[in-house]
Amino acid sequence: MGMAQYISARIVYAVVVSMIIVTASFLLLYFSPNPNIQAAAQQAALGGENPEEAVERVKEARGLNDPIHVQYMQFVENVYTLDWGWSETRSEPVTDAIVSSFKYTAQYSVPWTVLSVLIAPTLGIYSASRMYTWKDHLATGFAFFGYAIPNFFFAILLVLVFGVWFEIFPITYDTTVPILSLENAWQLVLPVFVLVTGSIGGTMRVARNESAEFMNADFMKTAKAKGVKPTRRYTHHVLRPTLVPLSTSLVSALFALFVGASVLVEEVFAIPGLGRLLVQSIISQDTSLVLGTTLVFTFVGVVGNLVEDLVFTMIDPRISYDDR
Amino acid sequence: MSVNDNLLEVKNLTTEFRTDNGMLTAVDAVDFSIGEGETVCIVGESGSGKTVATESITGLVKEPPGKVSGTVELEGKDLQSMNKKELRQVRGDNIAHIFQNPQEAMNHCYSIGWQITEALQVHQDVPDDEARKRGIDLLERVGLANASARFDDYPHELSGGQKQRAMIAMALVGNPDLLIADEPTTALDVTVQAQILKLLNELQEDYGMSILFVTHDLGVVAEIADRVVVMYAGKVMERGDVFDIFEEPSHPYTQALMECIPDKGRETDGIPGTLPNPYNTPDGCRFAPRCDHANEDCTIGDQPEEIEIERNHEVSCVYYQSGYDSSVVRDSELESDSSSTEMGATDD
Amino acid sequence: MATEQPDTFDEVNWESVRSSSGIVNLALKTKLMLITTLPLLALWLYDRVAVGQREKTFVQLGKDLGLSGPFETLGLTWNPAGLDYIFIFTIFLFAFYMILPLYENPRMTRYYWKEFKRNRPAVVSLVWLAFVFVVGIIGPLFIDKPEPDILKSFQPPVYATVDTANIVQCVGEASGGTCQGTWQHPLGTTGSGRDVLAFMVHGTTITMKIAFITTLIVALIGISVGTISAYSGGWVDETLMRMTDIVLAFPTLIFFLMITYIYGASLGLFIVIFATFAWGGAARYIRSKALSVAEEEFIDATRISGASRYRVVRRHIVPNTASSIITNLTLLVPGFLLAEAQLSFLGLGDAGLLSWGQLIASGRSSLEYAPWIILAPGFILFFTILAFNFLGDALLDALNPEAESEAEK
């Protein structure tokens, strides 16, 4: 299999996975009670009308009386044409709600991702180059701490210490400050710090263990014999082969955190981003919004896996496309 | 030999490693020198410290756990007293290395062209296109067919012999005065070995460089060496011109090595016994525990002084000291030529 | 197998070993498993059939057996739910298939222990997890469920104080506008007046339930899929591995949120959903391990000698991959604990559950003046997750000596 074929196979696979998830979502919704219908029935009963008639009306209007395959086709079409319905609680189209929330998620996600990508390999390779010294132990200890401490608990701790006790950082996120202002940067310090600590823990360990293998490789001796500086030996000869296993770990850590931990960090710091939108929509029983936000997160996950595979092919020239 | 015209002068070179089990002395007060345009071979069985000795010259030994002492002078300049930057300049420009396993010695993530021109980029700030041109020229010079296309290939796309050719190109890119070749043919097929040796001989003439060649294979020594240094357990046993060594191997260890050359038309069992424990080397001659002729004097004191038995031919063996009959050792060599079982019989 | 273990290979009585394949001579662990599981099964059936929704199982059982008196004096009013039965079953499995073999093979155990105790953090972790385990199993027997009592809300831990403005009434001494903590509530109380320590002890049981039951499910599915895939090859392998890929790519947390949205949250649902989507890694791992084991010659030898496919998998592949399975599972558990705590914290868990996560969630709004509600369970959760990670890493090192020696080069 050639590279082009491999890449198209991965893309087809990503589409299949997304289809499966969309189908699963549809089936879940199809076989579950619809809060809108119940609401309509309740309203009709309260207004002295016949609840059953009202239910019929709503069902007819929403196409819920159509056969399942018609509904399914309609559902799939809506999903892929980004026609994700109307959010009752926010009184705006679901896509609009998602776009406006995404603005906040991006504000801390971008610095956090950039920092993680920079720090994790650097720290890992630094640690490996000083293996079993106190500096290595310190770095690995920090990594283990970040890896093991629950992000939301760490966030709470930081809020408690730096927000409540020392009052250095604001406790809750202020949406009124301009995006490109010092205040905004300042209030994003803690969330970004929590997420960076969480994401570099595992990745730094992978970087350390993988690069340790290359630290003493013969080609490092060759490079030294060529008169290459230690820093260049690390940034080129060690980093490049380490990136192969590292990219997998890094990309999956970032996406896992994006989907999982960012929801919690947004909750703790009250950032009105995508994660918070999802939680709020579940709590307020806003079906369209729940569906829309879950779809965003699942698509991000699917795309993440795809990116991971493609990055892999770019970094390691030896990759065999048949093995995967 | 005269000291003045030597390119490289190594004196009292000692390399130790700190390990969990204590200090390990891999190279113990070794001297040798290499003249301009000369090829010197260091010979010895695996683990005798040859590789560590050559890697100590340019400081490739990792410190710590390694610790190198002694003096290494390149054209009169002491490498040991150089700072790191000067030393890097020497590594790229004056002394180049090629290693045993070209597969491992190349970074699998970069094209061979990138790796060949890296030294140029690092030391001389040569523009990309010029570096590329020089890289391709070198690849052609080392006999890689279709060099301009091969320049962008990755190591895994080359055969073992091609990789070693590329490694040689990588070493030659800075026009080195000295090429240190550490068993460069060991991992290759016999036919490829011969080609590589021939190539090295040609290149030496073209570039006028000296070669320090490390091998355990006396057959290779005969092909390439001008002078030979025989090492055992971190010590020099014998040294001399290649003809003297082959005509008249004088140290029992050298003789034993000669016995191991397979093309003498008979079976060889190798040398009985094993290398001494590097943490606790025996007193006296390092080879004494495995030597047929060892007497009490061989197991006391230090390794015997090297004695010049003829011009430029030195041996570290008590039998050549005054008061000993060196013919005991020499004769046994003649004897064992006629009956090889003699050696085994006297061994206990 | 005989209960007396010969110390050396040549002392093995091969006759007795050979004859032990009969049904009568079941392995001790299997016997014990049967002896304990059958009554459990009976109790479960009795619970399903004879005990009504509102009655407590053991109260009813006491009545039916005419032992109400003794039961009452013993305080036996336990009312196990479906999950409790599975939990007890997994504990039996753990005891008879993990602990008992260690006891039966003292020589092997000593060897493992010698290797293991070189890793200090791992030993500390093991002690901590053993402590959590014991508290989780027997703690609820001694400490009653914390009942809400609004009059006792926000009582500070012992030696700590709280501003009386934040509380209804002070159990300890109140002076100068601050309320002192008492030994009555060593770790304080929550906003609804529940004792934090008692809450945490019951939370430990929940933690153990999550750890054990998810592990059991993941192990079952992961081992089956992994070994079948490795051993069958061909299209079976291909299909199972593509399934595994999908499971791995599946956003479990988000999926669970949708399920919660529709059906409401419960611990059982949590365990089932997370376990059914967590076996991907284990299956892949076991498949690759099993493939390398299957390539070894003795597997061929057993196949040639006519052993059935099942037997090869059961007797040769699974035991040889056991160590990697255990390591993999040890590293999976902290993820489940974290997920539960996170969901509870988001208010998407089962609010009636006495879990650490619910305790942390209950302290959210009062963080500024009653941080103990969050800090106590938060640190316990952190330590437990840390311990699982340390233990998993130590197992990885102990079972993979090559990695160690390579690193030391």
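To keep things simple, chains are lettered A, B and C as they appear, and every chain counts its residues starting from 1.
As a working rule, a residue touches a chain if its C-beta (ideal position, glycine included) is under 8 Å from a C-beta of that chain, and two chains touch if they have at least 3 such contacts.
Values in this document were obtained by computation on a predicted structure and should not be read as measured data.
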By count of C-beta pairs in contact, the leading pair of chains: A-C
Chain of greatest Cα-centre distance to subunit B: C
Chain centre separation in whole Å, for subunit C relative to subunit B (CA means): 60
Centroid spacing, where centroids are CA-atom means, of subunit A and subunit C in whole angstrom: 28
Euclidean distance of C-alpha centroids - subunit A vs subunit B, Å: 56
In subunit A, residues with contacts to at least two other chains: 216
Touching residues on subunit B, where the partner in the complex is subunit A: 55, 58, 60, 62, 88-93, 96-97, 99, 101, 104-110, 115, 118-119, 122-123, 154, 156, 167, 170, 174
Subunit C residues touching subunit A - in the complex, by the definition given at the top: 245-246, 249-251, 253-255, 257-263, 334, 338-339, 341-342, 345-348, 360, 364, 367-368, 371, 374-375, 378, 381-382, 385-386, 389-390, 403, 406-407, 409
Touching residues (chain side subunit A, partner subunit B) in the complex: 216-219, 221-229, 232, 236-237, 240-241, 244, 315-318
Residues of subunit A touching subunit C in the complex: 13, 17, 20-21, 24-25, 28-29, 32-33, 131, 144, 147-150, 152-153, 156-157, 159-160, 164, 209, 212-213, 216, 259-260, 263-264, 267, 278-279, 282-283, 285, 290-291, 294, 297-298, 301-302, 305
